[in-house]
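Structures are listed in the sections that come next.
In the two complexes that follow, chain A is the common piece, with chain B as its partner first and chain C second.
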Partner chain A sequence: MDSDTDYAFPALVAARLLLASAPLPDALKYDQQLSSPLTSYSRLREGIYLFQHGVDPYSGGAFRHSPLLLSLFSTVLPLTPYTSPLLWTAADAVAAWALVRIWRLRTGAKKTSRDRQIAALYLLNPYIFLPSLALSTSSIENMLCLLALMFACRGRTSASLLSLATLLQLSLPSILLLAPVLLLNITRPVSRLALPQPMDAPLKRVIPLIVEFLGYSALLTFASTLVCGNWSWVEKTWGASLTLPDLTPNPGLWWYFFTEMFDHFRPFFLMVFSVHLLIYVAPLCIKFQHDMLYAAFLLIGVLAVFKPYPTLSDPGLFLSMFSIFPEIYPYLRHPIVTALIHLHASLLLPLFNSLWLRQGTGNANFFYASTLVFGMGNGAALLDAIWAGLRIAIGELKEGYEVAQE
Partner chain B sequence: MRWRGCWRAGFLLALHLVAASAQGEVFEEDLTLRPLRDGKLEARFSFATVLKGATPRDPGALTIDDEAQHYTLFPLALGQILREHAVTELHLTLNAGKWNYDHWGYPEEPGVGTGAELWVWMADTSPSSVDERWQGLRHSLAGLFCASLGHLDDQRTTSPVLTFQPEGSLPNFTHPHQLRHATLPSEHVCTENLTPFLKLLPCKSLSGIASLLNPHRLFDADWHGLGVHVRYREGAGVEVRLAFQAVFDPVRYSHNMRRDWSLRSVFDRTIERACPVARSSKVRIELPSETSYAITPGPTDVVNNVATFAIDSGKEALDISMQWPEEGSFEYQDTSKAPPLTDISVRRNLEGTSQAEARLTLELTNNLPVQVSAGYLETMPWHLQFYLHTLRAYIGGAPRDDLVNIISYSPPVPHSRPALLQAVLTLPPHATLHLTMDVSKPFLRYTEHPPDAQRGWDLPPAVVVPFAFGDLPNSNGTAAGEPPSGSPQTQQRAFAQGRRPRRMYTPVMLVDLATPDFSMPYNVIIMSCTLIALIFGSVFNLLTRRFVVVEVDARPEKQTAADDAR
Partner chain C sequence: MIVLSRLIFLVLVCVACLVKAQYEPVTDFFGRQGSSHTNNWAVLVCSSRYWFNYRHMANALGMYRTVKRLGIPDSNIILMLADDAACNPRNKFPGCVYSSSAKTLDLYGDNIEVDYRGYEVTVENFLRVLTGRVEPSVPRSKRLLTDDRSNIFIYMTGHGGNEFLKFQDSEEISAFDIADAVAQMWEKKRYNELFFMIDTCQANTMYSKFYSPNVLATGSSVIHENSYSHENDRDIGVAVIDSYTHYVLEYMEGINKTSQATMQDLFDTYDPDKINSHPGVRSDLFPRSLRHTLVTDFFGGVAQAEVLPSVYAAPFSNISGATAAEADPEVEGEGITELEAVGVLDSQPFIAALARAPESALGAPLARNTRTWATSGIVLLLVGWIASRK
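The block that comes next holds the complex of A and B.
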């Protein structure tokens, strides 16, 4: 069994590399489910091209990636048709390794029999590997998120806060993960869902961590401003998540809502949708203070449903992380319904997108309806995870008794 | 009594003329007719008024009252607009149709882009900036010409200085001049625009060459466009030139498919009287190269293949006609065998069947045996997002990216600014250069779609300016003396000499963007909000309600409350 575990991970990575270097149709690069305007590879290349030719890439509306990615890919790591698949497969491999490490830290074991399955569930999840094949930078965001969680589980506060600060530079909605990562740094990741207790670590220990995180964020913001030369990148990258200037369709709920919104109400509803994301942080962190990793997992689920510019990577990360919480499986109420809704939506999304935009036989409502179904599927998964995480505390019941809520 | 009336009118007229010449206003009108090789007839009306000794208004002096301007022949409405906004040079064209460069050659007036095109050179100043005056100017001109020029707002305005150089001179004000250029390809031209245009002429359409401007015939032409050009010529003054260009098809009007034409047959009018305030009033016909034609009446003089008719007052009505008596019905040339009449031919297309992305292709053919350098300008509104890193150039399938040199690019800003691409393309002799670039189509808000949303958006024409013909001469090539005739150098010099940079406009394109369902704003809002509220409510239900263990046997009095999930 040891030899199997040793070979499984490299075999999976090799399989992914093979898939990435196969000649895939370019349609994958422009697919709207796999990359959003904030993560699209062709926009990244356009920004790097303009940057290298002396045009400010943030003076237009095409390039919305962080200046850190701009400087990274224009100086250290060039993006060519050969190096890009390697880089993205490497990002996914690091993310899978981080997930396996989180699992090991959670169970406290050095090697377990489930490591292979967890790595496979991450690397072979279509929601994860398809955006990675499309070279969407959401794979890099997933990697940074898992690295932040892994370092927090290990107790390496600086590394986890640095990863989170970098993730914040790439994607503003990940600010939701700040609270659980901070609290995870001061608690243990061991599973305590079944034994809920109030948090045993003093909250005062969070304050230096907050200061450290703010310091890292300020440093990276300053570095981004140095790369750019001015502050115009803030409005184009972070501001895009708040003002939604680009209404390209994606599997989320925001784009069609704000396409059909009248100008008079736009600012109000943009504010409502953004604040709505923030509402979930405190209740979930308080309710699951005994198991902050689970709170982080649930907030990743919230992001998957309600993020402004999601791709398939975000629900992909949420679904893959189910694999590190096997204790809740018996308590999930409707896993098959969720799986079937996901299957339904994942088949309909590309079909209706193509019918609307490429064949012209459908209209925007078809794709919008499939995003609603997808949202329902993700919401059902989130609700089931919350229920199971709470239900596990009650434990096994005798015959003839059931748990309800009043 | 009638004699006395005539004498009085003549006396007033003489006073007018004296006053006008004392003021320094000169009015000249000109009609150029050119038969084209496919049986069509190009007509160009030009009405020029020069205000001698005048200079454009200094925008720095906009806060103080302007000195009184007295115009006799110079159009008052236009003059007031020019001084109100301190405009130095202005060019406005309103065109309809597609100018066929290959078969009609270069137009007399270079601005043949379809729709409305307005470009001005204005000096910058601190109290009111160029952009404020640009907006005021657009609205004033929209009111004057009954055209929707107010739509030429920030979403269509750029500053392509390399292509639209000033045609006059720019006076030396404290701040430098700036260019503002905007096009509206979907603007239509009709009688509503011609009527105020004619009102700007001294003689209106009552006498002189302007009496030929019959809207029924003009707007029936294959191509027609009117233009207003204002420029400042140092030493001469401010010149306003009103132009009308049209391409008629006499073969279509005639009963028996003949290309004979006359002023009566083309315009349904003749020139009855000369305009009394015009210093010169001429009709010029460019004579075709074959000799089997006949012109009546006899021209005043013929110089260099151009027959000139001077319009004098007092003679009978002038009706010029040109016939081809030996020709039966006109035979059209085989267009595939007819050589193009311009130095380069341009074709621009948008390829692709998806409403999310497309490919812009440009095909330039060099018809000369020497190398040609051409400037390429694209002012594309944000309805097409360029991906400049995908710009590729091919000649015959082989990649030649070295032939494209991008001078400047400013990317488009959604909902705000158009893209501006200025490049120099080098075309080898007798070669066809293919440019392709990936573009993506944006998704507009509900309120941004026009009323007929499924029609699509008109995209403005690209402007190509061939400016250099032949290679630059080598420094160590020719020693003393002229190179032998017939050598490549003399050939290139010959090509470079006769040609000046002239703008060529591609046809406009139509892009269809994906539309949302316009009947559904309320439904979308409620359905999305329902889903969000459903999930929100369920999450908070689960988080805030107490868990209770309930017995499901038939013993309802036994209920125990377990500890919470805390």
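The block that comes next holds the complex of A and C.
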């Protein structure tokens, strides 16, 4: 992990633990920016309670977590007011550690001076630690995502595919990350953004990995079905991302659209929105085949903007991952504008949410507008990252030359 | 022929006995406390407007607060205030209505639902509310949606006289009108028991004309006698509460939802010297004894609840015994050894019915536990196996 002389990481984790034990988290548990219907801690507790009393938690609309979480938290890891903050802080610590390792594997160094900053940028990022304080399971999803990427960078394919399979069980839109993780397993994570070349590894090597991934997914699906005893969980967990039954407001772009939609058009637009997520996979993986980690990073950004039930953790992960690509910083076109839009949106989101739902002096349009600004901020960051990732290949400009897109 | 008719008679008697046997526990449950009502309603009317009748509005609001505190929800209260004292420009304490010069309790508060306000408080509307003959466009909150198991508390206050009550300084309702309206309510089965309280001058004359059953009435003063206000407030500038209502509310402050105080206790606290008038009670139309009628039967929204022992506590071996006992509801639950059956109601039929219900969709607790541990085991084994490889 880190050497004995480096106290930054334990200090950060300790700071997070302290924060988690403060009375603040109680007010955050029900905040709609920090947890969605798919990740909310109170729904998780309710599902576990119902399950332990013999009621099928998937028979109602309250519980949408994966059955794996149901079984894990009702047996091995009980959720109490003392253990839950510890668990979530541990998840964040593991995620930060994974991010630092990804960085180290990318630069090829055993220890760098930026390690502390990267860990801090993850653990102290408000978009990350606020949902973690609210005990939203999106922190666990972030941890699994970063673990999958880290194991792929290290070349431990089985571990990476298992992490991804588990992530898929928790959140269906993560299927977008399958292609980059598979390809990352067969390529090296070292930064090659500046030297784009066609992929040197043969694609044939992906096929056994796909089979292995499908095997793990099938095993986990079987385990999930074993807990429930029937298949009703599929419709409630994965089906929720596809059919959007719960229109609780969240910082995403889907919910308002679908509150206003006539039922006649609903299936069509659900299909459009879902396929829209999938169309980014192929182009980004092809364009960035020389640096699959960057493609994974961009797809995490796509998920942050266009996911069905996002929380603040998803853009949080995307923004924190900027820290492991310092080579693109000189080529970002509008980082300050993006940062200011984010600042703007992050202040407006809770304000308009409260104005609408608590004080009653605003309406849903206020909050919707703030989610649009937030989406713009995330989209601006994503576009800038794509541009910078491509622009870096062109390098320094000579006098009189400029970069133009054909 | 005679034998056949005797046989039919016998069969009918047996059926009647069986039905009665099934009927008994139900009536017994509802009649246990003496009262047979299942829900409570309140109609609180302040019929006078203008600032100097502040005390009438405080009367009605004091009663409103009391019945709400004792459990009648806003949906079951029809509050009629002929004028708005709280937002009157002459009110030195805007948005507040006080019933004592100590001003410790704001009756208007921040959670109040006035159903008929201002000029909507008319004799016609009051009678329509009582009889239920309202326009189709009248919203639910302004209707008295009672049934034959409802206990209704009607409170009226304002300026009145010998067999009349003045509404809005422009019209009046007579005791005959109210009596006829209550008779209509009885015909239409719109109440189980009705308690009529009135605080005006010569109030007792207003209830003298009732002729429907199950009506209990009380008023603040006899014929030829005025009812007086209780207290003036120097800041508000007018009297803030009437004497009779003040003492009734003072008594009610000592009542909570679980109180076993009876109506006779309430009427026993009437003190003509303190109230400055002679309150009266009319109970000849009321079937029950006032010593067995709880105050909360009219003022509160107290529901009957019977605590049954938990389903899973009963040993499953009693299913066969329970099904046999189900047909005969008089049998006490002998099979339940761990928990006592609370109350007279026999819980065996319920438990038997629940036991016969389809199995939990998730299976018996043991199987569920095993499956959960198996799943966690699979996941952890997988993680461990992967971790140990390479």
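What we mean here is this: the second predicted complex is superposed on the first by the 400 of 406 C-alpha atoms of A that agree within 3 Å, B and C clash if a C-alpha of one lies under 4 Å from a C-alpha of the other, contacts with A are read in each partner's own complex, and residues count from 1 in each chain.
Just so we're on the same page, a residue touches a chain if its C-beta (ideal position, glycine included) is under 8 Å from a C-beta of that chain, and two chains touch if they have at least 3 such contacts.
Fair warning: this is a prediction, and the values are worked out from it, not measured in the lab.
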### Query
Given the superposition on chain A, are chain B and chain C in a clash or a fit?
clash
### Task
Check whether A:Tyr216 is in contact with chain B, with chain C, with both or with neither, and answer first, second, both or neither.
second
### Message
Output check: A:Arg156 vs chain B and chain C. Expected answer is one of first, second, both, neither. What do you get?
### Response
second
### Message
Applying the document's definition of touch, where does A:Glu396 land relative to chain B and chain C: first, second, both, or neither?
### Response
neither
### Message
Which chain, chain B or chain C, ends up touching more residues of chain A in the combined arrangement?
### Response
B
### Message
Output check: A:Leu247 vs chain B and chain C. Expected answer is one of first, second, both, neither. What do you get?
### Response
first
### Query
Thinking of the overlay built on chain A, is A:Pro67 touched by chain B (first), by chain C (second), by both, or by neither?
second
### Message
After the superposition on A, what does A:Val76 contact: first (chain B), second (chain C), both or neither?
### Response
second
### Query
In the superposed arrangement, which partner chain does A:Val55 touch: chain B (first), chain C (second), both, or neither?
both
### Query
Between chain B (first) and chain C (second), which, if any, makes contact with A:Cys228: first, second, both or neither?
second
#### Entry: Region of chain B that runs into chain C when the structures are aligned on their shared chain, from 76-84, 310-318, 328-336 or 526-534
328-336
### Task
Share the list of chain A residues that count as touching for chain B in one structure and for chain C in the other.
55, 59
### Task
Over in the complex, which chain B residues touch chain A? Could you list them?
353-357, 382, 385, 387-390, 406, 409-415, 419, 438, 440, 442-447, 514-517, 520-521, 524-525, 527-528, 531-532, 534-536, 538-553, 562, 565-566
### Task
Within their complex, state which residues of chain A touch chain C.
51, 54-56, 59, 67-68, 70-72, 74-76, 156, 158-159, 162, 166, 216, 219-220, 223-224, 226-230
### Message
Which stretch or stretches of chain A touch chain B in the complex?
### Response
30, 32, 42, 45-46, 48-50, 53, 55, 57, 59-62, 196, 198, 245-249, 253, 255-263, 276, 279-280, 283-284, 287, 305-306, 356-358, 360, 363-365, 368, 372, 375-376, 379, 382-383, 386-387, 390-391, 393-394, 397, 400-406
### Query
Once bound in the complex, which stretches of chain C touch chain A?
360-363, 365, 368, 371-376, 378-380, 382-383, 386-387, 389-390
